[in-house]
Amino acid sequence: MKVTVWNEYRHELENTEVSAIYPDGIHETIAGFLQEAGYETQTATLDEPEHGLTDAVLNETDVLVWWGHKAHDEVQDEVAEKVKQRVLDGMGLIVLHSAHFSKVFKKLMGTGCDLKWREADDRERLWVVDPTHPITEGIGEYIELEKEEMYGEHFDIPAPDELVFVSWFEGGEVFRSGATFKRGRGKIFYFRPGHETYPTYHHKQIQQVISNGVKWAANADTPTPVYGNAKPLEEISKK
Amino acid sequence: MKVTVWNEYRHELENTEVSAIYPDGIHETIAGFLQEAGYETQTATLDEPEHGLTDAVLNETDVLVWWGHKAHDEVQDEVAEKVKQRVLDGMGLIVLHSAHFSKVFKKLMGTGCDLKWREADDRERLWVVDPTHPITEGIGEYIELEKEEMYGEHFDIPAPDELVFVSWFEGGEVFRSGATFKRGRGKIFYFRPGHETYPTYHHKQIQQVISNGVKWAANADTPTPVYGNAKPLEEISKK
Amino acid sequence: MKVTVWNEYRHELENTEVSAIYPDGIHETIAGFLQEAGYETQTATLDEPEHGLTDAVLNETDVLVWWGHKAHDEVQDEVAEKVKQRVLDGMGLIVLHSAHFSKVFKKLMGTGCDLKWREADDRERLWVVDPTHPITEGIGEYIELEKEEMYGEHFDIPAPDELVFVSWFEGGEVFRSGATFKRGRGKIFYFRPGHETYPTYHHKQIQQVISNGVKWAANADTPTPVYGNAKPLEEISKK
Amino acid sequence: MKVTVWNEYRHELENTEVSAIYPDGIHETIAGFLQEAGYETQTATLDEPEHGLTDAVLNETDVLVWWGHKAHDEVQDEVAEKVKQRVLDGMGLIVLHSAHFSKVFKKLMGTGCDLKWREADDRERLWVVDPTHPITEGIGEYIELEKEEMYGEHFDIPAPDELVFVSWFEGGEVFRSGATFKRGRGKIFYFRPGHETYPTYHHKQIQQVISNGVKWAANADTPTPVYGNAKPLEEISKK
C-alpha cells in the first residue's frame, strides 16, 4: 500500500516558530511516522510542478494525506479536480486540520466547510463517540492536547457517514473532529488537530489516529460500478 | 394533536429543593408550556394505576414526553412494553434527561444507554450542529445553561439518525444532547437537559426545543406496512 | 411559502410525443398541482434570461423544483453556482428524475451522480422503506407506475441522510428512488420518476409525493451559523 | 480470530429436502468455508446444553454467525440476553436470513424486524449500493441467485448505519439485504440470503460476502468506555 503525504509547505519556510517544530515540513513528520507504521510513503508539496501530483503519482497512491492552510487558492483547479476524481475512483483521502477549506475537500463535500476558530492556546479534548470504529484502535477514551487552535461548530459539512471524535475546547466550543465520508468508491477521513504552531503531529496518539485512518481509508478490491444503458435481465441471462 | 406528559413525580414530593422549583411537578411545568404552545395536553405519573398509561390514554396520545430518574425499575415491564409498541405503531416519544435509562428508551435503542455524569453545577452550552432541523426553529446558535448536571461521552446509544445538539460542559466533557431516532413508524427525540435541582424546564429556549420536538415527532398519515406472506406482482395485478 | 418550478422545457417544444402529454411543459403541470395543493407557485425555464433565475426570483423562493435532461450543459455556471449557494443558505430543492445529472445537484453531492438507465417501458414499483417520513404521507406501501424509464444502481450519490423509496424495475434492477440530503441550511429531496415520454407527473400519488417533498424541504426559522474568529466563553459572558 | 457458527439445526434433521443440501447442517457448511478462508471456527446448536453458548464459548468468540428460523422461541431468554451483552461488549455478529426474527437481533434492533416473504422460487439479485464497503470485496456489481425465498419491504429495522446490498425479486419486491449496525462496541451485519431449501450457502459469492462480513465485524482494539460519576478536568489534570 502506498501513501502520499501532500503539504502546502509554506509556513515552515516562512515562520521560524513553525520550522522549529517541523524542520523538514509537516509532510516529512507525517510521512515519517507512517513509514514507521509500515506504510510505503512519498511526499508532494504545493511548489513542485503540478504540486507534485502528476497522474503517475496519483494513480499509484492508495491513500492521500492532505495538509493546507494559507495557499488553498494556489492549488490549480485542474489538479484539485484530478484529485477529487481519484478519490471517487477509490483513492482514500485523509483531510487534516485547515484542509477543511481546501478545494478538494469542498468539492467532495458540496458545502461551504466553514467553521469558527480562535488561536488562543485552548486546551482540547477529543472524545471518542464511536468505540467500534477501527480509527480509534489503541486510543483511550479521549486524546488531550494541551494547546491547540480552536475550531468550533457549526462546521458546515454534510452529516458525516460516521462521527468518530467530538472535541471539547477550553473556551466553550465543541467540534466534530473526526468524521468519515464515502464518496464514489473512495473513503474520506477528516481529522481536526494540527495547527502549524503546535507540535500536534509529534503526539503519539494523533499519529496513531492518522495511521489508523490510512488503514481504514485504503480501498479493498470492491466492485467498479458500470453506468449507462443497461440490458434487462432476460437478455443478460440468455448469454 | 394530543400530548401526554409522563413524570416519575417522586423527587418533587420528597425533596424541597426540587419542589421549590417545580411545585406541581415537572410534568405540570412541561404540560403548561406545551399547552401555551397550542397543544392539547394531559399528564400521567408513576404512582397512578398503570402509571397513568392505560390503553385508552396511549391510544389517544400522539406524542408522549417522558421524564424519569430514580424509579425506572418500578415501571412495570408490561407498561414499558406497551409504550414501546405504541411508539413502533407511530406515537412520537420525547425522552428527557435521565430518562436515557428508562426501560422504554433502552428497549427501543437496544443498547445500554449508559453515560458519564457529575452533579457539580457545570455550565452547559448546547451547540446546534444541524441548522436545517425543525427542532432548532427559533433557537440561536447555542443554548447556554448556567448550571446543570453534566452528562458526558461515551453515550451508549446507536448512532442517531440525526444529531441536532452537542453539549459542552465546563469540566471538560462533550455530549450528544439532542438526537433523533426512527423506530417502526415512530419518531423519537432524546433531549439531555433537565436535572431536577435546576430550573431548566422554565428556560424559554429549552421549552422551545421541547415544543419543536413534539411537533416534529407527531406522525403524519404515513403508510402502515403489511407483513407476512405476500403474493407476487402478477397475481396482484390481475385483480 | 413560494415555490419556483424550473424546467429545461426543450423536449416539449421539439417532440410531439412529449407535448401531447405536457402541452404547456412539465413545469406548468407541476406548478398546477402544487398550486392546487395550496402553494404559491411560479415557473422558470432554461431559455429565459438568466434561465428565469434572477437574484430576485431566487431570494423569494422557499423551495425550488428542478427538471432537466438534455441541456444540463447549457445552464450557465454562474447560475448553477448561485442556485447551489441559495440551497446552502436555506432554500429547499426538489430534484426530479434526470436532474440527477444537473450541475446544481452534482455540485451539491460532490459525486458523479451517474446511474444505469433503459428506455423500455419497464414497470416500476416504488416501495416505501421509511414509513415515518412525512414525504410518504397519504401514500400506501408502494406506488406502481405501469411504464417508466428504468434507473438502476449503482447510483453514484453520497449515502442519503434518509432513504425513503426504493424502486423495483421489471427488467431486474433496483434504485434508491427517494432520498433526502441536508447541505448547509438547505434540504434536498431527490425523486426519481418522471421521464418525459410518460404521463408520470399526472399520476396522483407522484403529485402527492412531490407536494409532500415541497412541504418537507421548506426551511423553518432555523439558526444562521456564524463563522470565523470567535471569542472564548469568558469574554462573551462578561458582556 | 475465532468464529463461532450457531445454527438452530432442526430443518436439517427433520426435512430430507434440507438435509440433502446440508447433510451436516448449515453450520458445518458455513464453518467449512470460513475455515478455508483462514478463520479458526467452532459450531454451536440449539439442542446443545446452553445452546452451545456457554460463557467460555462466548468469551472467546470474536464473531458469532447466527442462523435460526422455526425455533426462535426455544432460545432461552438468558442466553439471548447474554449474547446481546457480548455484542455490546465488542463481539461481532453476522445475522443470516430468517434470524431477522431471532431474539438476539430483535433485542439489539429495538424494533419488530418483520417483513414480507414468499416461498415461490423467486429469482433474486443482490445489487451492491455501497461500492466502498469492504464487505463487497471481490464481488461484482450484483449477485444473482436463481431461486430463493422472497423477503420484501417494509423491513422493520432501524435505518442501517450502512446499506450495502439491496435485493430485487422476480415477483415485484425489493429488500435491504445487506445492512450494518453498530451497537455498543459491537458490529452487526445482517445478510438476507439463505433459505434452508436452497443451496445458497454453497454459492461462492455468498460465501465471500459472509467471509468479508466476519472480517469486518471483528473488533479492533477500540476503547472501552468508562461510565458513571466523573471528575472534572482540573481534578484529573492535577494527578
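General observations
In this document, chain identifiers A, B, C and D correspond to the written order of the chains, with residue numbering beginning at 1 in each.
As a working rule, a contact is a pair of C-beta atoms (placed from the backbone, for glycine too) under 8 Å apart; a residue touches a chain by one contact, two chains touch by 3 or more.
From a predicted model like this one, the values you see are computed outputs, not experimental measurements.
Should one ask which of A-B and B-D has more C-beta pairs in contact, the pair is B-D. Note on C-D: its contact pairs, compared by residue number with those of A-C, A-D or A-B, agree for more than half at A-B.
Centroids of subunit B and subunit D (each the mean of its C-alpha atoms) stand 31 Å apart. In whole angstrom, the spacing between the mean C-alpha positions of subunit A and subunit B is 36. Counting only residues that touch two or more partner chains, subunit A has 125, 128, 130-131, 141, 152-154, 159, 161-162, 172-173, 182, 184, 223, 225-226, 233.
Arrangement of the chains shown, judged by which pairs touch: all-to-all, with no pair of chains left without contact.
Remark: subunit A residues 125, 127-131, 141, 152-155, 159, 162-163, 166-169, 172-174, 176 touch subunit B in the complex. For subunit A in complex with subunit D, the touching residues are 90, 123, 125, 128, 130-134, 136-141, 161-162, 182, 184-187, 219-226, 233.
Residues 84, 88, 107-112, 114-118, 120, 122, 150, 152-154, 156, 158-159, 161, 170-173, 181-184, 223, 225-234, 236 of subunit A touch subunit C in their complex.
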